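You will see chain A twice below: alongside chain B first, and alongside chain C after that.
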Partner chain A sequence: MSAPNSLRCLARPSAIIPRSLTSAPWIAAPFSTSAPSLAKAETRKGVMPGGHVRSGKKMQLGKFKKNAVRQGKSPLPGERKAYRKRIQLSNSNALPVPGLEDVRPADMVDENKIGRVMSIPGLVLDQLRDVEAFKPTQYWGMFRTPSTLLRAETVDLARRMQNAADKKDMLRLVISGERLTGKSLLLLQSLTYAFMNDWVVIHIPEAQELTTACTEYAPIPETDPMQYMQNNYCLRLLQGIRKANERVLSRLTCAHSHTDLPQNIPVNSTLLQLTNSAKEPEGAWLVFQALWKELMSQTATRPPVLLALDGLAHIMRVSDYMSPSFEPVHSQDLALVRLFCDALSGKSTLRNGGAIIGATSRGNTPRSPSMELSLTQRLAEQAGEEAPKHPPYAKGFDPRSEEALKSVRVVDLKGISKPEARGLMEYWAASGVFRAACDEKTVTRSWTLGGHGVVGEMERASLQTLRP
Partner chain B sequence: MASSKQSFTTALRSIRRTANGQWQPLERQFEALRVGGSVPRSRRCLSTSPRSRDDVESFPIRAAAEIDFAPRPLERLPIARPVPASPSYFSRKPTFQDGFLRLEELMREYGKLPTIPTEQAERIAWKSFRNFKHALGEEIKESEFHRCMALVKRLHRIHPDMKPEEVTSALEAYKKDIQPFTRTDTKPIIDRLGRSLGTGRRKASTARAWVVEGTGEVLVNGKTLAEFFGRVHDRESAVWSLQATERLDKYNVWALVEGGGTTGQAEALTLAIAKAVLAHEPALKPALRKAGCITRDPRRVERKKHGHVKARKSPTWVKR
Partner chain C sequence: MPPRPNLVSVFRALSIRPGSLAARRPPAATACIAAAAQGGARRGFATEMDDTKEISETLRAKMNAYMSDDPSGKPSLDGPSENELALKQLELAAYGVQPWDVETEGVKFGIPQRAAAATPGVSHKKRYDPVVEQMTKLLMRDGKLAKAQRDMAMILNYLRSSPPPKVNPARPLLPGAPPAYQLPLDPVLYLTLAIDSVAPLIRIRGYKGLAGGGKSLDLPIPLMARQRRRVAFGWILDVVNKKPSKGSGRTMFPHRVAEEIVAVIEGRSSVWDKRQQVHKQGTVNRANLGHSAVQRFKVM
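Up next, the complex of A and B:
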């Protein structure tokens, strides 16, 4: 009787022998973006290595016995948001990329460097962090050092900025484009260029912070029509300016004396002192105004100024603020926004040259028909085509926004070319986040799945599984 | 009734007008209409209008003719109102009824002819109930359809050597438009611009894909893959036939998709692109079949059942 049993044994699959933790190479992943604290989960009792936390069905004898799930300590208020909004700029688990160079000012205007990934130098990195140029949605935390791809658009933009600085001219430009095409990153690259060339950089990282009624505002006396200052925001902005531009500002001296400020600033004190004089929200707008006046001064030598803003649609509409007579306030009646829009429209000029760059955004952005129409009109004009007319029956148009965008240059960002895509993917592969061989086939695959080289979509298609 | 009377009088008036503005006796007018065929000329006519002199001369007053009581031969009067072509016009399903009656008639006539067993008869895909109903555009019952099809199949079994032409032609209407058993594959073609067209279906979606040699650009309804499909998985399934055969960087695709949802559209594209690629490289067929890009997935959404919340889901059990 034993024979059939033993034969049956042959038909059954052999029992699974659990692999030991130490000898299994597949458990020791060479690269991980998750926090080391999560690794403890694998050594817990009763959980198979690499298996699920739930170890399968278990018999339960007591009918109403509750599952003893240990909840742990719940995060404190604000902790979750801080975790969500944290910006991690490097990852020591990622492989160092051999041959990765720091970008130099000359590289950004060099055509031969198109398609290469270059890292941002440490000094500039701190400056960029001070002006809040990095965003939590970007993939910086997957690589060893923050690096960017030099695209054709980057080089073109850097050249235009160089031209503007040389001729003491004013570059007025709007970065537009589809979702995830790298608009904010191109803005970051322009900031990088400005920092590396010792420009004075004023960056508004999120325009919505100015117009969605989330920061305090007060009417500026003796203005008609009434304008509003946002002292709290101005203070934060000034602190960012001071930190990021410390080196440049400490070299420049005041051409005028400023007596109406919270602190008396005599002639020949440095601009850094002037900026430092804003300690309290009260008077922050005055200090900002004084700083702007100094930067625009014709009597002294001043470096070029970069005024950058992300989320342009937010300032191209009526804001969420209310006037004292309880009427909605137009965004461009907010003094800081007005300063930006006047410069963008060319109404006010940067006397010492510089650039005004606004970037549109496709996430959490209000619809601004005027901005959309103006940008398509500018693009058509740039291409030498007939610009589309104002639709006669459509609603929601805003003449002030159209006025602001009347003569800007528009960069319409699209997908990257295949050589650029290859440069980027080779960088991914060298960093250890892209495990397949990087050849024509894989590059084309990512390029096609990413909608003809839309960088963010390429990342989604290739690196999404690695996202922490 | 009133309207017919009215139209009759207007007809009469129009006839009157044609006769050079002269009044004509009713008798003549009836004659012109040919109602009743043989109205005796001698009968006196009634008219309220003054007669012209000619009329008086041509119709002298005479006594009525004798009434002929002899049985007349039955003659058909011409019909003055339109009669429908089919006697089953006033039923809800005239085409079906006529067809059915025709089949019965054929059965009475040729039912005695020798038959062959079903398996020896020519294999034919008959229209399904749904198909047939749709083609006819009439509300017919399934049971009636099956009775009809039984006749069709019986007539089809008549020995081919003796099968009359009228039977063959009568059965044509019950065949499917596309006969899979006798159909030969149409060879896909590449047009003068180097494009090949493939179609694919999945669930409720239909896709047409034009494939040309190129560098891996894909446009679906004028949008790129990333714009058209939000899920990366759908993008991959859309170009799976190219990716599985490592041809993604060799062709460009321009596709039109309609119907259904995103998954269905993506998988319809898989089939469409595979078929179009086969026109360029027929040798890829085994590889594509292995990748699952050749066979159409026939599954559709399952119908809801009574007593269930969805197709399978039962309502929650309640004690009372």
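Up next, the complex of A and C:
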């Protein structure tokens, strides 16, 4: 059907435009008493056959009450959150970057590769997705393939991990820094390194899910002081571990038999079978414990383990859970958190080498004075300076958290250097996202606007902008 | 207290002459300025003319003469004193010559380059594309411009990462529009094209009682480009506000707007019907332009 009007100009219509259809007969002839007008009137709501409108029949409370008419069905429970948390990892509109290579394990420890952007290989990408390493606030969805910048800290961290694996040592490290400096991304890079080197990776993507009382908990019998297991979370964690580490776990066999689990696991069955035995929340914690015991086994050969956690401040405080006697439960009385903290403090060791990495977060994070103080102290010690003392009159300190962070290594992330910024911005420009000449002036401008190379701020200044 | 320039003697010598005397530049004065420029003379006034300081100045001159063993007792100066320079400059000002010529005197850090104001990113008032800027202001609620800007950035990023639109031939876009597959690479163009394509050419203005007998006379009024865009984006926002949201979070509203913009380009949006309706009314009411009342009251 052709439109009666031309779309672009106001030329005369070829067809006759229908007159307004609102002229109902009872409006056109208000004094008529013919049958159609009566019939019309009867159909109207609140109008009596005589044409009398009964006003005052409808009571309306509230002067500005809206008649909210919802059309269509509203989203099902969970759909809104799924939409909010949806992560898009690639953009087919973005230009493919010529010369972009997949990162290899050797690249991450090569200091000549500092300042280069390299893409994450597809296999590792799936693994990272399984352990929920990507976050919805990151800018993955603007580029063709997910790629990361190898910065000096990345290479340093990867080398430390390599050393730990070689010496069967234990790297205990906390990633700290100002907001938007790339803490979660450095953690993601450490996960990438671990996956590429066939480590077993256990990643807790949001520590707040453990401690803000949003998942079920139950006391573990025969523990003093009482500890708590979180079976639902453990089940989800185990499923992530199974998916991400399937290749490694299927190669390893159990050194012990596990009879107390929901499913009997004999000796020499694979660790994948052991992980698979958690089908329901009941017993998930037991399965996790058994898996941990197997990974720490000295009798069999085991790969290094990476235990990573994002949002460290959430586990360095009293949790939102309550004990049966209605006392607040400390986060480190939750069994999974305790396992992490014991390893972080060095109380328990990874027998076959590995790394414990916690990353702090600056958004949606509770204040943890103990963590802040401990990290400042560790940084001062690393720099060979005198560590700041405990402030005598300040409140809110937590000795257990300080104990957990007593001997960790701290990486204090700051802005990237200008050569690194150049590499990153050239990648943006080559992807067609940053549409300006990428010269020294532009790079310096973005670097300065981004608070001397704070990556997130540079992204804001260059990508999240209204400029074409 | 800073020394005050004694202007009395200078202005006493002034005379009012007709016309610009810039061309008649006294050679002595120019030579003086050139000498000042070479000698790196500072702009300003010396304290010699100040009566209260006269004694101390003569004293200092004597001291200088004593130190330099000059028998004449006069201070040894290479060129004219600073004070004389300043006086000359004032004299030049009286002649209508620009005495503090930057090129002659020189500047310490070079003359700053003034870029063209229209260059994007140079003037902070013209930082963004005009369409983007206008639409951002229309998105703004409660005066929260920063939030509106963030929303607009999210809209542009959504357009950037959405698949290329399938243009409906029944709803043609502006002539000269680039092919659809190029649009996501330039989200600002995408947005501009969508808004300009559905923007109405006219609006209907009713003049009450002009048609006689209390009836209003509807006249089509042409719109300027900015007005057209405003109307079009207002329609888009109306549709967006009525649409139920599918999710939650800060990306929800901008994504709804962006989805509607994609719908406009693909010809699915109900905004096209609104545009058509307005244009129909315009063609119907075009006859009213010849109404006698229009000429009588000079409404157009």
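The rule is short, and it goes like this: the second predicted complex is superposed on the first by the 385 of 468 C-alpha atoms of A that agree within 3 Å, B and C clash if a C-alpha of one lies under 4 Å from a C-alpha of the other, contacts with A are read in each partner's own complex, and residues count from 1 in each chain.
Basically, contacts are C-beta pairs under 8 Å (C-beta built on N, C-alpha and C of every residue); 3 or more make two chains touch, one makes a residue touch a chain.
Treat the numbers as computed from the prediction; the structure is a model and nothing was measured.
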* So, does A:Pro399 touch the first partner chain B, the second partner chain C, both, or neither? -> neither
* Compare chain B and chain C by how many residues of chain A each one touches, and report the one with more. => C
* To do: Could you look at A:Glu178 and tell me whether it touches chain B, chain C, both or neither (first, second, both, neither)?
  => first
* **Touching partner for A:Gly432 - first (chain B), second (chain C), both, neither** => second
* Looking at the overlay, what does A:Arg84 touch: chain B (first), chain C (second), both, or neither? -> second
* Between chain B (first) and chain C (second), which, if any, makes contact with A:Gly99: first, second, both or neither? -> neither
* With the two structures laid over each other on chain A, which partner does A:Val454 touch: chain B (first), chain C (second), both, or neither? -> first
* To do: Examine A:Gln464 and indicate which partner it touches, taking first as chain B and second as chain C; both and neither are also allowed.
  => both
* Structure fact -> The intersection of the chain A residues contacting chain B with those contacting chain C is 464
* Asked: For chain B, which residues count as touching chain A in their complex?
  -> 215-218, 224-227, 232, 235-236, 239, 243, 246, 248-249
* **Touch list for chain C against partner chain A, complex** => 120-121, 127-129, 132-133, 136, 149-150, 152-154, 156-157, 160-164, 170-172, 175, 184-189, 201-202, 220, 244-249, 251-252, 276, 279-280, 282-284, 286
* Tell me, which parts of chain A touch chain B in their complex? -> 178, 415, 418, 440-441, 444-445, 447-452, 454, 457, 460-461, 464
* Touching residues on chain A, where the partner in the complex is chain C -> 3-5, 7-10, 12-13, 17, 70-72, 74-75, 79-84, 88, 91-95, 141-142, 432-433, 435, 463-468
